[in-house]
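One structure, pasted below without further comment.
Note that the chains are named A, B, C, D and E in the order they appear, and that numbering of residues resets to 1 at the start of each chain.
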């Protein structure tokens, strides 16, 4: 078990966004959290990566309690969080954004190699290497954010809605990348609106509703759950 | 010709203050109104160093820079950090408060006192004629310091890890944290460097215009800030360009039109430049992507 | 007469041709989908139509009148309203005020009426309140009218954006990824919603969306862009089977939709 | 000041006197000096004038016109003073004089030199007096001295555009200098906050005037003087009473002349005693702010004694009738019809780190 | 015309305040000095409401407000000195002229510079303020009565509490009516998101200029009253530090809150004089220090300002009949 979250309660002011959430991520797995808008998925991710402090509960990473450690130190422990809404650095070039992802690393040669790998994975970014990231299109920005997350060679990669706003082709590609990274040994915690795709790549799944986990289990089982099918997978998928 | 030199001297003086101003703005987007007053404290500490305690000049300067760096960090911690996630204007008001505090506190008797102090020249002034242009060693010193500062800042911000960190903190604290950047330290360091530069500026200023008093920072601070805006605030070379323009405009107005109008014309030019380039001379256009 | 007629539209950013020789004609009552890979130039087309950017070349006619070169607020007043890819509400204002604000061009009292609260002011304000509440009710937001816009959940914010643009009383409504970040179930509700408002307010709709579930269901006609240019257009079925579109945009997963 | 002059608790008679000065803000130094003069005068008088015990009320105007009106209103209406000593600069003294005069409270300023302090639109404010000569007197005398004693032919003038004191001096110096056959080659200005004067000084250097007239306070002229010499200006510096401070940069200003109210080297016992007493109490040389405020306070105390009343109208009449009063800044003082003291102007020279007495001029 | 319950309550509150002041005057508690402080604070309320319109409601950062205050003061003062001489009619004529001139200048300067954004606009308006100050310093060269750097004295002292109070009340009502109308909504939408407002059909330039002109006119009006309450006008009273005073008031009161602006303007007006009274002669040097500390502490404790976007019920418009129960929405912010 690489990550364990226990009885997490998180507040925004007086609003209790998480009402006691527990889940586990095993090494080498892809674990997905799905749930409607505002269910608390991003809040959970932010708490794991140290951006938010829980009022109750704890976060344990590789056997070490990390929920009192500041975010910038958690990165060094090997957690990389690709936040929701492409929080890229608009005033930095694409390359600089990617290099920021390796901020905690010191191995120049290794960084260079990682940069090449990311550029290979997203050829569009190589084309735009010198463009300021702020002027990229939405989808291009999402690629920067993903690429940046990979640059730190994390043990646990947290992806918050990586497919948001991407073209179908890219969504597919993103999920392929997720699978590849996972196969190469990175554990992944994935939050997705696109529950359909997420459940296909994930090993384990947790379903969140208004700050609580209402269902969990192997992704296949969750996918097969009729309630989940109607609530999250929608009928639209079936139309054509 | 001589007037151009006069303008250059004034311009480089403004640049000395504007550089720190613009750097802090670039990272925290705060018009740090207290910058001019840290500059004043720097001038006083420098003065005490070489004129009262008898330190050699370089040591006096370093001493002033260190003390102001600490002062800058303390100010940030007490007055700005609690407001980091409040609306921008709140920190600006706090900065105004800090500025007034430094001015009035410094003029208390047991601090610096209200007196105007004459600053003895710690070095002999030497007049040179280079290619027929009269210039003094003090002017040369100021110019060299500004150019070195400019170079150092550029290197720091674009070539170092801490510079990268500063540039990311400038846009998004959380995203920077997720990259492993210690946001608090980065901002502290930014204030320390900015304040140390203000102190350096203060000491040189006191040598060039040898008189100091607790309210001396207001006008140079305002002018330097204006220069920074003129050049494009947050952009390091912009501060120097803006300052040089301000220096020229003021000097030429005083020399050939009327010194009564010098501030008026300087600010009129600022407004005109902004109308043509709304984010200053080197400022990037702010077209927001919708 | 076509509602919208875009001819030879181009926009360059420095050396980049974000939109290149774009054409589009829309008849009244149509729903047209604009799709294409990320960075293809779709949002830029919207920004050109709504006046945020000046075209580098080309013309845009709305109801037979040339509108390119007009400032955005005039274009809106002529009857084009839009939503934004990244939500842009008047955050600190109430939900109701977000909607009431856009009534402004059609309000029939003057500054003096407002300053002195004349009967005309009172009557007109009452009308505005009533109608604004109707828009909110249509989008299921009536019970949120007194909340701060920024306090709404994401989905509500998307719908408030739509309510606000409807209150502009547009002929042409432009939606930039209205279903972004929604799960399939929510997407299908958005489809119903768009259908409903189209009927209710007699709109012509131009839509950008990456959720194929939405586009294919809703649109009668699709235009596909890549690298600033139109690479295909036609009915959803034609597009689904277009080899170029499959390669550039849909990918193999297209079978899903 | 209607109910002024109440009986004190113990039955003795009390008169309240207000003192206004800039005790905070950027000219706080001036105010502090003046306050020393005021306090020393009261102390030496044993806090008494005639039968009256003096109750001072000291307030700060921060050298700000709005604040000046506030504190004057406070002194007059809340503290109910009979008379006010102050303020220092004309900027704040003019508004105070308006209020004092219309409320029939006596005001005497030690240092406010603008004619407008006592006369507005040709009308004398009856209750207002001062202990210093006005700008026209000083400027004119300075010009005469330059022409007649220094045999100067040309002059340049540099003054603060925002300070009526320097404006007044500059204007009157220019008028008198031109009338007397001299030529003013250049008249330039700067702002209070300026520190770099190189542009104008470069222009002046090329004109080679005999005199550079610098009618500002000691700090400013020290700074300008330094830069002027750096620019190679050889002219003789001249100025006004604003120079009179031990904080003047004697080295830079060496050889310069200025018009002053008195000379510290004047052997008159009043002067020597004053300098000695001041040194004994404050351990520093008195400057002109202290001296003139001291004189102003003494003039007022003298009038209260003469009138032996706390009624401002009677005090005012007694002040106006002052005859042969021996002050530090003049031995035989009386007031003209505008409330200005009639006394000679002293010319001093800055020489070898000291002020050298040169002459007395009418 | 129906007068809303809010308006009536507001008038009652105003009458109560008025009666209180009169009572204190009568009891001799409120002497001429504290009366002056109160009057000055009320004048500041008008000017601060002006900046509140510009910055608090429309989001246009102005650091040059005192320039318009000064323009109004000089205009009104000069007109009354030259033509009026203390006649009450000329009081009104001259203060309106002051407001009008300030508004006109605001229009001329606002049209070009309101295109600038946030800090750039701030610095441009600051620069404009400095230009006006230089103009005032030299105004006597064109119009001798203005006095230039030596100040202008002798303005008729026509203004007194009753008059000022009524003017303040009228201004509060007018500003409230403006804010809670389609004009106010247009202004706040610009504050929130200028691009979105533009695209939603709001002529942003027009409203930015409108708010700026109205706000600056209020500053001019306040200046005119000031000139009739203080016998001496000096350019130094209208420099950029004075502009900061207005800014402090509007921010500490809470952006987008009239209540906050009014309360803070009055409190701030008293602060310096209360400090004077408390510190006495011996600690007066500490006044500036304590003032600065209060400022820092206040903003740290309440970064959103005293009333951030909230209004006293009395300043709200009539509740809406939305069929959704009690509706208290208004142009400021939601509940």
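Everything below uses one rule, namely that a contact is a pair of C-beta atoms (placed from the backbone, for glycine too) under 8 Å apart; a residue touches a chain by one contact, two chains touch by 3 or more.
To keep track of the chains, here are their UniProt names: A = ABC transporter ATP-binding protein; B = ABC transporter permease; E = ABC transporter.
What you see is a predicted model, and the numbers here were worked out from it, not measured in a lab.
Visitor: Count how many hops through touching chains it takes, at the least, to reach chain D starting from chain A.
Guide: 2
Visitor: Following contacts chain by chain, what is the lowest number of steps it takes to reach chain E starting at chain B?
Guide: Counted as steps through touching chains, the separation is 1.
Visitor: So which one's got more C-beta contacts, B-C or B-D?
Guide: Pair with the higher count of C-beta contacts: B-D.
Visitor: Could you work out which chain's C-alpha centre is the most distant one from the centre of chain B?
Guide: C
Visitor: In angstrom, rounded to a whole number, how far apart do the mean CA points of chain A and chain E lie?
Guide: Chain centres of chain A and chain E, defined by C-alpha means, are spaced 50 Å apart.
Visitor: So the centre of each chain is just the mean of its C-alpha atoms; given that, what is the distance between chain A and chain B in Å?
Guide: 42
Visitor: When the C-alpha atoms of chain C and chain E are each averaged to a single point, how far apart are the two points in Å?
Guide: 40
Visitor: Starting from the mean Cα coordinates of chain A and chain C, work out the distance between those two points in Å.
Guide: Each chain's C-alpha centroid was found; their separation is 30 Å.
Visitor: Among the residues of chain A, which are close enough to touch at least two other chains?
Guide: Each of 135 in chain A touches at least two other chains.
Visitor: Please set out, as single numbers or ranges, the residues of chain B touching at least two other chains.
Guide: Where chain B meets two or more other chains at a single residue, that happens at 104, 107, 260, 263, 290.
Visitor: Taking each residue of chain D in turn, which ones touch at least two of the other chains?
Guide: In chain D, residues 24-25, 28, 161 touch at least two other chains, as defined above.
Visitor: Give every touching pair of chains, nothing left out.
Guide: Result for touching pairs of chains: A-B, A-C, B-C, B-D, B-E, C-E, D-E.
Visitor: List the residues on chain B that touch chain C in their complex, please.
Guide: Contacts found on chain B: 290.
Visitor: List the residues on chain A that touch chain B in their complex, please.
Guide: 49-51, 70-73, 75-76, 80-81, 83, 87-92, 96, 99-101, 103-104, 134-135, 148, 152
Visitor: Where on chain D is chain E touching in the complex?
Guide: 23-25, 28, 57-60, 64-71, 73-74, 76-78, 90-91, 94-95, 98-99, 114, 116, 120-121, 161-164, 167-168
Visitor: If you look only at chain E, which of its residues touch chain D in the complex?
Guide: Touching chain D: residues 31-34, 36-37, 40, 137-138, 149-151, 153-154, 230-237, 272-273, 276, 281, 284-285, 287-288 of chain E.
Visitor: Show which residues of chain B lie in contact with chain E when the two form their complex.
Guide: Of all residues in chain B, those touching chain E are 29, 31, 78-79, 82-83, 86-87, 89-90, 93-94, 96-101, 103-105, 107-109, 222, 225-226, 229, 233, 260-261, 263-264, 267-268, 270-271, 274-275, 278-280, 286, 288, 290.
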